[in-house]
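Going by the order they are written in, the chains are A, B, C and D; count residues from 1 in each one.
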Amino acid sequence: MKIGFIGLGIMGSRMAANLQKKGFELVVTNRTRQKADDLLAGPARWAESPAEVARQVDVLITMLSTPDAVSQVALGENGFLAQLPAGSIWVDCSTVNPSFSRQMAREAKTYGIHFLDAPVAGSKDPAEKAQLLFFVGGDAQDVVVCQPLFAAMGRQAFHLGDTGMGASMKMVFNSIMGASMLAFCEALALGQSLGLEQKTLLDILSVTPMLAPFIAPKRSKFESGQYDTEFPLRWLRKDLQLASESAYEQALPLPFLNLAKEIYTQAMQAGLADQDYSAIYAYVSGQK
Amino acid sequence: MKIGFIGLGIMGSRMAANLQKKGFELVVTNRTRQKADDLLAGPARWAESPAEVARQVDVLITMLSTPDAVSQVALGENGFLAQLPAGSIWVDCSTVNPSFSRQMAREAKTYGIHFLDAPVAGSKDPAEKAQLLFFVGGDAQDVVVCQPLFAAMGRQAFHLGDTGMGASMKMVFNSIMGASMLAFCEALALGQSLGLEQKTLLDILSVTPMLAPFIAPKRSKFESGQYDTEFPLRWLRKDLQLASESAYEQALPLPFLNLAKEIYTQAMQAGLADQDYSAIYAYVSGQK
Amino acid sequence: MKIGFIGLGIMGSRMAANLQKKGFELVVTNRTRQKADDLLAGPARWAESPAEVARQVDVLITMLSTPDAVSQVALGENGFLAQLPAGSIWVDCSTVNPSFSRQMAREAKTYGIHFLDAPVAGSKDPAEKAQLLFFVGGDAQDVVVCQPLFAAMGRQAFHLGDTGMGASMKMVFNSIMGASMLAFCEALALGQSLGLEQKTLLDILSVTPMLAPFIAPKRSKFESGQYDTEFPLRWLRKDLQLASESAYEQALPLPFLNLAKEIYTQAMQAGLADQDYSAIYAYVSGQK
Amino acid sequence: MKIGFIGLGIMGSRMAANLQKKGFELVVTNRTRQKADDLLAGPARWAESPAEVARQVDVLITMLSTPDAVSQVALGENGFLAQLPAGSIWVDCSTVNPSFSRQMAREAKTYGIHFLDAPVAGSKDPAEKAQLLFFVGGDAQDVVVCQPLFAAMGRQAFHLGDTGMGASMKMVFNSIMGASMLAFCEALALGQSLGLEQKTLLDILSVTPMLAPFIAPKRSKFESGQYDTEFPLRWLRKDLQLASESAYEQALPLPFLNLAKEIYTQAMQAGLADQDYSAIYAYVSGQK
């Protein structure tokens, strides 16, 4: 099974490296070639375009930042979709909205291509350690075929139903992440404004059941004021936007998550777009 | 050491029972006498008014629902403050805002009474099992004196600084609780509107680091749609209001927590005031 | 100059009638033919599809409800764009987002068709009385050509710049409309909850400078609780969504307008989608 | 009839001057004496404390910034309430919440003093030109007695019912003002971010029914970026807080107005507290 991999950012580069480690033969491309250097030092092959990747592989994985980027790489100039062999599988690990996934599945089908939406839970560190979770939507048979790939890159793959169900789960996941982080940071800022020490607050909250486990590892960032990027604030905001659009399509009110989205946008405007999303603390505590 | 206890609701009755179990001699009163029946079956004594409690005790504990209720019982007709022996200690375990605690401390001081703000973390079950956490503000010496009481009712008491610091910590604690619960419920509603099963969502989120530990025990409520009250939605909303007022005094913007407060108010208007606060799920998912 | 008109809803039917009154020769189509009856009683001609309209006209006007509807009618099966004569003008009066207008302009250009975005200010009544305002984006020359049409349907046409500038102005316009209405209604509900009579509130606010003129004519709706539809709540919510998406593209935070959007969505969920958008009052005052 | 006047800020100084112009004999005091200079150049007399004012007058008017300030001047050290002659009238023109007005009325009653809550609509300019509107709560007889005073300072006085109804109306009034201004400013910022000129936006919106009349006079502030203070942002935020607390007491959800309050708080944190409240535009458009 030859694997194409497009999108070698923070996440994609680590996922591809794990595939390579497990012996999968890779053909890769990326906007900037330099990010492929480590892979190309191994047996991976470089392709000049998405189309060129497509012509050489059985399964193609995309790990890109936005629906627009995915659409461009799949269907734009030198896009891969028209070049994939009939019967091959496209696994989109990008975080996109479910209706976009369904649209891509329809496009793929017109070319005889199978489609899985398979976004991941976990950021830089779990990506590196092959500890990601995959949320997968699509045909069961295709999930079985791709199981060895998921196993190489992650801890577990959940098959959640038809196309779009993986993307849907990811919307839920990142919505909780973004909103809980913001809730925590506003409360922390409140405590400090009332005279409590940050250290005291973090110490005590850590021994209560209030703290979601994903927040604890961010402690050093809050303490140092250095928000080294594991998951950029910019992409969290994008994911909240996708969740908002998905809710819009369902006529479901989500006032709370929509406001979270806007506060992250305020933080972005304040210059925090490329820092870790936990930098929202710097914004709500008035440091930025 | 004779202990007065005023306020025998869900929390107070269990806290007083634990004091009695450890052998403390109690004098109690409550708006409705019936709630004291279990205690009075033991060695506790009933008093007809807060003032009458005060005249018989060395330490007086209050566990009431709002700042107004505390103020009324302390300073209103037959209030206890003027009747406590000079040098005695008033421990207010009610959830109130820090500036109110400071006001009570000033009032107490005019009568020569010491004051501790000592709100608790934990609801019905931890109260019963003496597993509460106490967040305490006030003089270190008074905290030492009351340590055996805290030990009888809880797992740990944190002395966080001067008057008001206990109340401040509690603001932080309940703010995170209310806002994280709401974030979780909106995300859950989103997932279901997109076609995911509630069971699937809860199963998967449980194995991710997204879920704050305090949410997991609410699962059966979400699943059954029965929100048996551990902590009434009404009081959570009140606590968010107190947090909002505290932030107002500090000129700290808290848009996210303020919106949480308003959504809980919407749920209250929809008839959920006396159910467990996790019933916010029924509201945001459109079931109410 | 032969004019095509597609979309004969509350607005479109009245706009087309005014064109006919001024002697313009019309070819029309609509999802349901019945809505064209009045026009067809005059000299207007019916066409079975958008494509069939397109083949007979020099200028084609669309007045549809959403970007998707516009896209479908222009580019879907039997869409009009491929059938319009080269050099003809498509005037889209629908309320859509500016980036969608620009996308349509690009599509049009590939067929040699000129494009104007020309959404309107004003609802049912101004539409009937030819008192609409047109917010127009596109080439000055095309605006000149269409001036007689705008004059037949409205009071004034503002040429605001390149493609998308008309749509942008409309975003602004409806955002103010929706958010000011909601602000007014929450304040009215507050006054009533505090014991003021609705009549007193409306009487007094009417003599102050607080009330935007567009609100005054809604008074009888607030008083009667009958929200006969001039502009459906559903479409206002859609417009706020488009404004939200436009702001997202510009990385501009709009927390207030986003929350307005969500509260209208709550009202929609409460069953008010097809009533006049001023029915938001019924929602925020707890009557629904 | 001798009149006491306490609180000579932007509003109070102009109101007192109008009373003096109409021949009323004034006794005044203020935190800083200098602000009384103009009045004292006329026949007004200075008093060293609120208590000293009280001993010399039949009607006492207060125009202060917050409930706390009113409470302090009435009931604090050298407060006026205990010194007013029995049967005299206290007219509180400050913007306070209705439950505070009711509390003051109760306090006044214990001294045999009549109480009117009589906040005003209108800022600096209408205050100067005696064009204020008075929203009055209290006994009809007292309103009749004070009518000449209202006539000297304003255009009209509305007697709206019992104590607190004047304050309630003012809550409504300022809520609309603050929220409509914010809605307008976010929409304006949206338009500019989409490429429309500020001048174009303001020109066009001025000829539509979208613009509440109170917004038009702020145009030069938006254009110049100079927000000379007519009504400080700090006090608008305070009024929104009072409205929020009033709604809390009524268990009425006001998500939209609460968010407005928080965004004004953000603007305050950004340094705009003492500028005109229309400076919220500088904040939401990202200039601050």
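One rule holds in what follows: a contact is a pair of C-beta atoms (placed from the backbone, for glycine too) under 8 Å apart; a residue touches a chain by one contact, two chains touch by 3 or more.
Just so it is clear, the model here is predicted, and its values are computed rather than measured.
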Inset, instruction - Just grab the chain with the largest centre-to-centre distance to chain B, centres being mean Cα coordinates. - result: C
Inset, instruction - Select, from B-C and B-D, the pair of chains that is joined by more C-beta pairs in contact. - result: B-D
Legend entry - Centre distance in Å when chain C and chain D are each reduced to the mean of their C-alpha atoms: 39
Legend entry - Interchain centroid distance [CA atoms averaged], chain B/chain D, Å: 37
Legend entry - Whole-Å separation of chain centres (CA-atom averages), chain B against chain C: 51
Inset, instruction - Please set out, as single numbers or ranges, the residues of chain B touching at least two other chains. - result: 252-255, 259, 263, 266, 269, 286
Inset, instruction - Going by the contact rule at the top, pick out the chain D residues touching chain A in the complex. - result: 255, 259, 266, 269, 286
Inset, instruction - Within their complex, state which residues of chain D touch chain C. - result: 98, 121, 133, 135, 156, 158, 160-161, 164-165, 168-169, 171-173, 175-177, 179-180, 182-184, 186-191, 193-196, 200-201, 204-205, 207-214, 243, 246-247, 250, 252-257, 259-260, 263, 284, 286
Inset, instruction - Under the touch definition given earlier, write down the residues of chain B that touch chain D in their complex. - result: 241, 244-245, 248, 251-255, 258-259, 261-263, 265-266, 268-269
